[in-house]
Every structure is written in C-alpha cells, then in structure tokens.
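Everything below concerns the one structure shown next.
Per-chain numbering from 1; labels A, B, C and D assigned in written order.
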Amino acid sequence: MTSPTGFQMNKPVLAIEGLTVSFDGFKAVDDLNLYIDRNEVRVVIGPNGAGKTTVLDLICGKTRATGGSIQFKDRELTKMNEYDIVRAGVGRKFQTPSIYDNLSVFENLEMSFPAGRSVFGALFFKRTQAVLERVNQVAADIFLGDLLQQQAGLLSHGQKQWLEIGMLLMQDPELLMLDEPVAGMSVSERAQTADLLNRISQGRSVLVIEHDMEFVKSIAHKVTVLHQGKVLAEGSMESVQNNPKVIEVYLGH
Amino acid sequence: MNALNKMLGGRQGVVGLLILATLILVVFPLTLDAFRLNMVGKYLTYAFVAVGLVLCWGYGGILSLGQGVFFGLGGYCMAMFLKLEASDPESTKIQSTPGIPDFMDWNQITELPWLWVPFHSFTFTVMAVIVLPVLLALIIGVALFRRRVGDVYFSIVTQAIALILTVLIIGQQGLTGGINGITDLKTLLGWDIRSDSARLLLYFINAGLLFGCILFGKFILNSKLGRLLMAMRDKEERVRFSGYDVAAFKVFVYCVAACFSAIGGAMFALQVGFMSPSFVGIVPSIEMVIFAAVGGRMSLLGAVYGSLLVNYGKTYFSESFPELWLYLMGGLFIAVVMYFPNGLAGLWESHGRKWLSGVTRKPATVIASPAPGITPTPALADKKAASPLEIQP
Amino acid sequence: MEWLSEFGAIAAMQGFNGLSVFCVLLLMALGLAIIFGQMGVINMAHGEFLTIGAYTTYMLSTLVQTWCPWMQPYYFFFAIALSFVVAGAIGWVVEWVMISRLYHRPLDTLLATWGLSLVMQQAFRSIFGAREVSANPPEWLMGAVNLTDAIEIPRNGLFVMGLTVLMTGGIFLMLYRTRWGLHVRATVQNRIMSRAVGINTRKVDRMTFALGCGVAGVAGAAFTTIGSTGPTAGSLYIVDTFLVVVFGGAASLFGTIASAFAIAQTQSLSEFFMSGSMAKVLTLSIVILILLMRPQGLFASKVRK
Amino acid sequence: MDSRLTGPTRFFPRRLALGTAALSLIAASVFSQMTLADDANTTGLAVTPTEVTVGQLHSATGTMAISETGSIQAERLAIDQINASGGILGRQIKIVQEDGASDWPTFAEKARKLLVNDKVATVFGCWTSASRKAVLPVFEKENGLLYYPTFYEGLEQSKNVIYTGQEATQQILASLDWIAKTKGAKTFYLIGSDYIWPRTSMKIARKHIENVLHGTVVGEDYYPLGNTQFGSLINKVKLKKPDVVFAAVVGGSNVAFYKQLKAAGVDSTKQTLLTLSVTEDELLGIGGENMKGFYASMKYFQSLDNPNNKAFVEAFKAKYGKDSVMGDVTQAAYLGPWLWKAAVEKAGSFDVDKVVAASPGIELKTAPEGYVKIHENHHLWSKTRIGEVQADGQFKVVYESELIEPNPFPKGYQ
C-alpha cells in the first residue's frame, strides 16, 4: 500500500464498514470496507456489475443496506432520509446527466442552492444577491457562464454533465460523488473536466466512478477496484495497475 | 410592483387574467339573466376543483381521481350549517322532534347527532370547510407519497376513497340524508340565499374566491416551489438528491388542491341550495379532471375556461341532443388527451398567439415540450420570457 | 343439536359463497392483471369489455331462442368462445387506434380509456336500449346441487368457479410455458432490449391487450348467469377490479389471485355479520388501509434498479 | 377543435352572441304570449289562446333512463290523447322536454329553467325521491306545479306537488295484512337497496309487523345500489327461514338478486317472497321464469282486467310497439296529464294556485287502474293489488284491496 502519507493521520470523512446489500439473495455489495479522507479524490473502478453504482446508491440513501454501516462525519447514513443525507453534505451525480430539461441553466443551478428547501421556505424563497453571485460563480467554474439563460435541455451532452456537477457545487458538499462524469465527452472536454475536478476537490472529498483510465490517472489520488461487490485492490493507480488479481479480472483482457 | 407583475406572469399573464375577470365579473352579469348566471356560478364552483387539479396534476404530476371527496366534504360542511339554520324549531314544528333536520326526523333520530352539533357555529363551519379536507388530504398524501406510491396507484387509491365515501354517505342516511343529500337550504345567517339578489351577490363572492385561488396558484407556480414541481416532473431523483423532501412538496400541492376543491364545494352548497353524494363519487371526480384537461392541465386560467366550456356544452347538448352527449363527452376526452394534451391553453399557445396579430415577441420555439407531445403553455412561456430580464445582476 | 348441524351447513354454504365471490373477482381481475400488470396500461374501459361479452351472450341467446331452440342447452359454450373473440377483436382495434399511441403516458391512457368507456356505454345504449337485458342461461345452470339435505350449492357458482380455474390455468400456461408468454414477459422487463433481439413488441402489446380484453369478455359472458346486463353494468365492477389488481401487487399474477381471495373472504364474511353497505365500506377501507401501509401491494418483486 | 376555436377571447364573444340571441328570442316569444294572456292565465304562464306549454322533466340519459323512459312515454301518450280530444280549455298542449340526466342538481336546474324561463303551466316529471327532493324547493319558491308518478316513501306533502303514485303505507300495509292472513306469515326478512325509499318502507313494514300483525322481523339488510353479490344474504335467509322475504331491491341489483335466489334453489315452492319494487318493466330484465310464483305489491298491473286498462294497453302498444310493457309507475305517470286537465277545467284557469285549489276531490273514473281521487293531502286514493309473477313476465292479480286513503305522515309508523 503506497498511499500518500498525511491522509491517514486524519479521521476519514467517510467510513464504510461491513456494508452488504442483497437483492433476493444476490449480494450486489458484500461486506465492503471503504474509507475516504478529507480532500481526497478517490476513484472506484471495476468491471460491469461490480457494484460500483450500488455503493453510491447506498451512500446517498437511494438503496437501503441489508447490513453494515456508513459513517459520514460520525453520522450514520444508513438510517437517514435521502434529503437529510444531502443536507449533511453528500452530493451525488448520476450516471446519465440528470438535469431539469425544461428549466434554464440559471434555474437549474438555483434549484440546488441550499436555501428554501422546506415547503414554505421554497414558497417564500427570494432570489437574493447572494444567490445570484453564487450561481454566477459556479456557472463560470463549469464553463457555462455565458449560457445562463439557455434552456438546459438544449445543452450538449458534455455541458449537461458539467451542469450537473455545477448543481452539486451549489450545495457545497463535503463529499462529492460522481458516477462516470466524463462518459460521452470529447477529448478536450475530458481535459477540461479533469481540470475542473482538480479545482473543486479543494476542501472536499470526491468519490468518482470511472472507466476511462487516462482520466482516472489524471485525477485520482487513490484507486479502489471493486469486484463482485468486494474490494479487490486499493492503492495508487500504478500499484493497482500492476496488481495481478486486478489484471486478471479487469485490465487483463 | 415588479414582484407582483412577475407573480401574475408578466404582461401576458396580467392581460389573460384581466380578460377572464372582465368576462366573469362584467360580461356574464350584464348579459345573462339570473337563472343562467346562477348556472355559471355553479360551473365556476367546479372550476375551483379544476384549478386545484392544474396544480397537483399538471404541475405536481399527481392525478387524483377523487377530488370529489374534497368538494363533497367542503359542500357537506357548509350544507350541514345551512341545514341546521333551516331546521329551527319553529319551521320544523310538524316533526316528531322539532329542531333537527327533517331527514333525521324521518329516520327516527330524536336528538341532534354529536357530529352535527359544532355546525351550529358559522366560524366553526368555515374552518371545517378548509381544515377537514386538508387534513384528509394530508393523511392520504403523507401515507402515499412518503412511500413513493406510483402515480397510477395513487389515482386508483383516490378513486377507491371516493367510492368508500359515497357508500358511507348513502348508508348513513340518518346522519347525512343518504342518497337524497341535504336539501332545502334556505338562509345563511338569516339572509335568504334563494333570492335573485342573494344569488347575484353569491356569484360575485364565488368569483372573488376563485380569483383568490387562481392568484394563490400563480403565486405558488412562480415561486421556487413552482419551479421545483416542474423539476420534479423532469427528474424527481435529482430533486431528491439535491436535498429536497420530494414527498413534502407533493403533499403540499395535494393539500392545496384539496382546499380549493373544498371551497368550491362550500360555494356550491350555497349557490345551488343542496349537497348530495352524487358530487362525491368517481364519476364527478373524473369529470372534474376533464374540465382541467380541456382547459389545459398546465394553465390555471385554462382550467376555468375548461370548466365553463364543458359544463356549458353539457347543458346545451343534453338539452338539445341528449343521445349525443355521452359520445361527445367521451370523444372530447379522448381527443384532448390524445391530440391536445395541453387543452385550450395549448391550442391558444400554438395557434391563438400567432393569430393574434401585433404580438411582437417571438413564438416560444426555444422551449421544448414539458412532456412528450405536450406543447408549451402560457405559464411556461411567460416565465421563460420574463425571468432572463430580471436575474442578470 | 339440530341447530348446530344447521349452523354447520350454513357455514359451509357461506364458505362456498366466499369462494364464489372470489372467483367472480378473480375472473374480472384476470384480464386487467394481464393488461395492467404486464403492460402497465390502465384500461378504465375494462368494465365495458366485460359488458361486450355479456351482450354477445345475450344476442346469441336470443338468436338461439328464435332460430334453433334445441341448441339452448349447449349454446352457452359457444357464447363464451364468441365473447372472447368479439371482446378480443375490439380490444385489438382499440390498442391499435388508441393505446399504442399512449404507452409513454400511463395517466393519459387512464383518461383516454375513461373517455372510451363513456362512448362505449352510450353505444350500448343506442344499440341495445337503456333497459337491462337478460340472457337465458341454459336450464342445467340454474338451481342448486344438494350435497346434503341442508347444504345447497348453486350451480352457476360452480360453473363460474370451474371457468375461473380454467382461465387462470390457461393464462398461467400461456405466460409461463409458451414462446409468446416469454415475449410478453421480456417486453415487460425491457422493451428496448426485446426489440433489439427481434421481438415484435408492437405485436406483443397488441396481442396482450387483446387477450386481456378477451378474458374480460369471457367474464362478461359468465356473469350473465348471476347478474343482469345493462349499458352501465361494467362500470359497477371497475373499481373493485382495479383494487384487486393493485392490492395484489400489479405485476404478480399470483398476487392477483391472493388479493381476490382476501377481498372476497373479507367481503363475504363481513356481509354475514352486518348490512351489505357497511360490509362494502369495511372491506374497501381495510384494503385502502393496507395499501396505505404497504403501497406496493401484497406481492411485489424486489428489483435491483 | 379547429382553428376557428382560436382561444378564449374569440370563443366567448361568439358564445355570448349566440346566448344573447337565443335569450332574446325566448324573451320575445314569452312577451308575445304574455300580451295574449287572458283570465285563464293571470300569472304570466306560457299560455296562448291556442296553446298551453307544459314541461316534462325526466332522465333521458344516465342510469335512471332505464326506469324513466316508461313515464316519459306514458305522459306523452296522455297528452297526445288530450290534444286529439280537443285539448284543455280549447288549447293544445305543447311539451318542453328537459333531461335531468340522472343527476339531481341538473333536475333542480332544469326545473328552474322550465318554471322561470319557459313559464310552463305544469311539469310532469321526476322519478327518484332524490330528484324530487332536489326540485321541491324550486317548485315551492317559483310556485310551480309538479305531477310526480313514482310510488315513494311518503313523509312529504307539498302544495306544489300532486303525487300520482302510492305513498308507502298504501303500498305496504294492505299487502302485509294479506300475506299474514293467507300465508299465516309470522316471521319476516326485510331486504332493500340502501337508500331512503327502501329504508323508510322497511321501517313502516317493521312497525306494522311488530305492532299490528304481532309477528317478528328476523333480519333486515341493505345493500349498496348496484350491488350484484347476494350470496351471503341468501345464506342468511336460508339460516333464518323466514315465512316471508319482504324485498325492495332496485335497479341492476334486482336482476342479480332474483337470479341468484333462483340459482341457490330458493324459489316460490320453498320461500314466499313479496316485493315492492318489481313491476313489469323490471321483470323484462329479470325474466319471468326467474321470479315465477313470487308476489309484488302495486296499485296497477298491466294484466288488470277492466275496459279502461284494455284501452290504455292497446293505445300504448299502438304508439310504442307491441312488445312494450307498462308498469305501475308508467300508469301513474299516465294519470298526471289527465288529473291536471280535470283540475284546470274545474278551476277554469291555468293559474297554479287555482289549479291546486281545485285539485282535492278531483276524480278520474277512466284511470287504467280503475277509480282514483285526489285527497286533500295531494296524494291519490287508490287500491292496492298483489300480483303473482308468471313465467311470461306478467302478473296474475291475486288480491285487490278496498280504496285506501293516502296517509303520508302515518301516526305510529314514524
């Protein structure tokens, strides 16, 4: 294990222990242990069906665990509501861009501003200067500063991916989870996204699922390989790539 | 002022509202006789339900097939108060037990049931008209939306609730007047509601309340909550994982729709002079959905036009061609759903605007349909057109 | 002692009554379970397809009575088959003209089929008149079988029961033992994939819908032995039927059977102890309460999404 | 839904224009009629020297259309016959027909239209109690006149309504007496659809059984309208073994009830059954063979053997086809126009107050049911008959009472 020193000194932001979920007897995630530190960019890779997306689902509460625990900043997520998990500081991007096609880019971002989240809060929500500034800042970050009034459904695929990342940034989460953020992006867009991720990972932890190895190399601090719902290997990109078990199940063929 | 303007949906919204207000508050009272005006008043009580349906079905994606339940609850609360007032010991002295409603006397009830007692108070009644239906909607909504019941399930469950309430009302004849309903309502706080002048005043009160509901609806739709509703229709998961309690928002619009329906029901009892289980059941509930569908499920004003038009058509055709009426109603339903999912408002948006010469703004081509096969609506288009100007710092 | 044996006999007959209500509910719900459960389509006109079956039987009964009275004892079997074909054929057309355009909008299907049910009701009224009509069931279907002196079992109840078992079995076989059933189930699970592997999903949809309507027609034919036929007869059944399917958990045929059984027994038992109206309210309320607590119905499969 | 219908602003003026035009037409015609009014019409009714307008208000559509069709036909037949014989006070009767569409508020609305806009001299209409209750306040407020044909629960008496059907005590008491006497019945099972008429009727029946006949009611059950499953009920009947099943099941439930009774082996050889709600109309749907040998209590049966009835049946069949049947309510509806004619001629005026004042004591010797007379309480004196169901869908009259006084508020039965 050649993990970068320094990270292990702190208590991990996210601590997954013994996590198990089964669907009618099939264990999609099986006794999984995973720790993510503050300011870390962690990439999870693994062949299809390894349980990567299920892990994200479990963390953000979309799927309920059969057993085990997920501790986020000392709070147990497995018992919490989805929206409470989000409010606790976990943001999640879905595999396919999940944005509101009928709203403008501005409104998409505004929706994620962490105020007016209750029914009556939303009813009396006001577009304050703070909201405008935050939206503009995030929009600039995600390369959409000029397209605020564009209807989101008309954006390109890559721009939609960015927009969804931007929506997460609006929430200012401490743990950012991205499911295949560069899928369907052009080479230059990938580079831009890598740059974006490196910028936004300051002050928060990022958990990424990705297949594109070049992209993984350019962002990952540490890589975890999942196979059949279990951790197969964990460490730096190099160590993982040279791990014979990993080569056998994933990279080898 | 600017905020108000925005709330009403920009210039177009204000104009639309003014046209409807002129029609209802000026044109109808001036051109229709007392009888027809009372009929329009009755139609407008259905418009409350339709407006509520626009909120919860059009925007919230929740198709309730049991809005008659709330209409009925509101109506029954009001009717109970009016009936008690009409059943003073003096005018019921021929009964074996004077002072109780006549149908109770026929059912050998000798004492006013406890359920009825609080309805001696007008304040209580007005509160009950609002609170009871909202409470019921809250229970149903919390139970179903918290557990993420699918839209179709929700429709069927609400339908069953409408059925239960109908059977219950009919079965508890001594308490509710059974299938005949509560009839022969005469006065409200001593004021004869059957006279032409009273009917005229009630018509305006009714219209005023309706516009109140519409404005409240517009306020909701133009708030962040309105955008959240649309966002939920698009990507419910995304909204949930942006930290929102999706179920709470659904419960809220459902309760608002229930409240609107109940107000409509209470006004119905006042204007028509009775209430019966035939407004509670499945058939009236679904008919009210037609009103919203014909007017345009995404348009609050459209719902009012839809209610007026369908009911006018119903009266007209059932008078002239009773045989054709059901064909027409069914055909209208099928046609609207299949070909004009946005109803009159959608047609107006896609054809009317163009036709109305002198409109300078570009047709809303940049807006994709809110749902497959659904054309944009004024509300949507206006918001799109209005918001960009304001959000630039 | 005599009282006790009599009570036993009534209990037995009441048990049979529960079974017979169960069969009626199941027979009604089968067609819907196929259409709603397998296709996700809400067919509010389902009751009217039932009525089509009933009217078909009525017409055949009248024809037989006029032209060949000797057929009277046997015509009922033809009537059932014909009802299946007629209702199925109309269902086929409806799917083609209407439903197929609305698959991506389930709530709109609900509304459109409601409109269709209004049109169909008026059509029945125009064709057959507003009055209730009554098919003449064959003589061997009427009356009761005496198991003992005290226990009498209505024959039409037995017949409906047999028919229900037959239909349920047939549908099970079709869905789980034939290639067509495989296609249906594949289409339900993944429409795009099914199309990709060469299943004609449009055809599968159309056949499924037609089958569901055909089954409703059979139910309608069977019900002429226990009830009357009028233009609005079908609408009486629709809510009950939907509740059975929803209560059972939509995609599960087994769930439909279980829920029909549960609802029928509750209804039948409570009717014995209270007025029919209150029994109905009680039964529906129990169903709704359970649905409020367990909205996915009794049997819903867990699926990894 | 074409391009003409371009939106609210364009549509409504059209609608309004049409509406105003129609209204002014109506107003003009009403006005012209008013100027021609004479002393036979001092209250502005739609009466001209040659014509008098009356309203007909039944359900032509909806669930009740099945039942109300017969009444519509009978009233038209009577009016045609009156017109053919010279009309009323030299005037031909013109009918404005409105559809209540089986919907109570629609009834109230149409009643108002008939009285206020059409200014009809009288209305023949309604069928269910609910529709009557809905229109009653309208008739009382606008001072209209309604002829109501259905046998009903009583407990009502209005200046503005003439009830041409029987009230509950007329229909129930004599028949219970008869069945207790001829069948020696002591135990009764009461069954009804769940609404006011069966419930009130059963209440009266229970009081009579317990207080007068000194029998017992061993069961009482109500089922929702439209219910089609009677298995449990039939088992309860089998358990209780009543001497008489006393039934008031209506509509579609009727057919299911009797078919299932027969299928369960409960036929007239094993069980005596007396119903209040099966006329020849209902028998068409049920099938005579399914009810053979059961009894119905009515004031009129199509098979009544008297010259008036022969003429009525013949005329009805000539007009509406030889397969048509006439039930109790159809006959009562037929009486309406004739009773009105007699009252108008006695009053010499169409004015509602005068017609109402003239009504008590009006006799009709030509009624198909025989002789009827309007009581002070606006109900009819009539006879009650028991009919035994025949396989061909007709009734054999097995009992005929004396003329019974109507008593809508029966002391001791409430």
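Just so it is clear, a contact is a pair of C-beta atoms (placed from the backbone, for glycine too) under 8 Å apart; a residue touches a chain by one contact, two chains touch by 3 or more.
Which chain is which protein? Per UniProt: A = Urea ABC transporter ATP-binding protein UrtD; B = Amino acid/amide ABC transporter membrane protein 2, HAAT family; C = Amino acid/amide ABC transporter membrane protein 1, HAAT family.
Computed from a predicted structure; not experimentally measured.
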item	value
Furthest chain, CA centroid comparison against chain B	A
Higher-contact pair (C-beta pairs counted), A-B versus B-D	B-D
Centre-most chain [mean C-alpha coordinates]	B
CA centroid of chain A to CA centroid of chain B, Å	43
Chain B and chain D: spacing of chain centres that average the CA atoms, whole Å	35
Mean-CA-position distance for chain C and chain A (Å)	49
Centroid spacing, where centroids are CA-atom means, of chain B and chain C in whole angstrom	34
Of all residues in chain C, the ones touching two or more other chains	125, 275, 277, 280
Where chain D touches two or more other chains at once, by residue number	194, 222, 224
For chain A, residues that touch 2 or more chains besides their own	none
Complex contact set, residues of chain D against chain B	1, 3, 5-12, 15-16, 19-20, 23, 60-61, 98-99, 101, 103-106, 108-109, 112-113, 116-117, 128-130, 133-134, 136-137, 141, 153, 155, 194-196, 199-200, 203, 222, 224-225, 409, 414
Contact footprint of chain B on chain C as seen in their complex	40, 42, 98, 101-102, 104-108, 110-112, 114-123, 125-126, 239, 242-243, 246, 250, 275, 277-278, 280-281, 284-285, 287-288, 291-293, 295-296
Parts of chain D lying in touch with chain C, wherever the complex brings them together	63, 65-66, 69, 194, 220-224, 226-229, 231-236, 238-239, 252, 254-256, 259-260, 262-265, 281, 284-287, 290
Chain B residues within the chain C interface of the complex	57, 63, 65, 140, 143-144, 147-149, 151-153, 155-157, 159-161, 163-164, 167-168, 170-171, 282, 286, 289-290, 293, 323, 325-327, 329-334, 337-338, 341, 371-373
Sites on chain B touched by chain D in the complex	19-20, 23, 27, 31-36, 38-39, 42, 94, 96, 103, 105-108, 167, 170-171, 173, 178-181, 183-184, 186, 194, 272-274, 276, 278-279, 301, 305, 309, 312, 315, 318-319, 322-323, 325-326, 335, 339-340, 344, 347-348, 351-352, 355-356
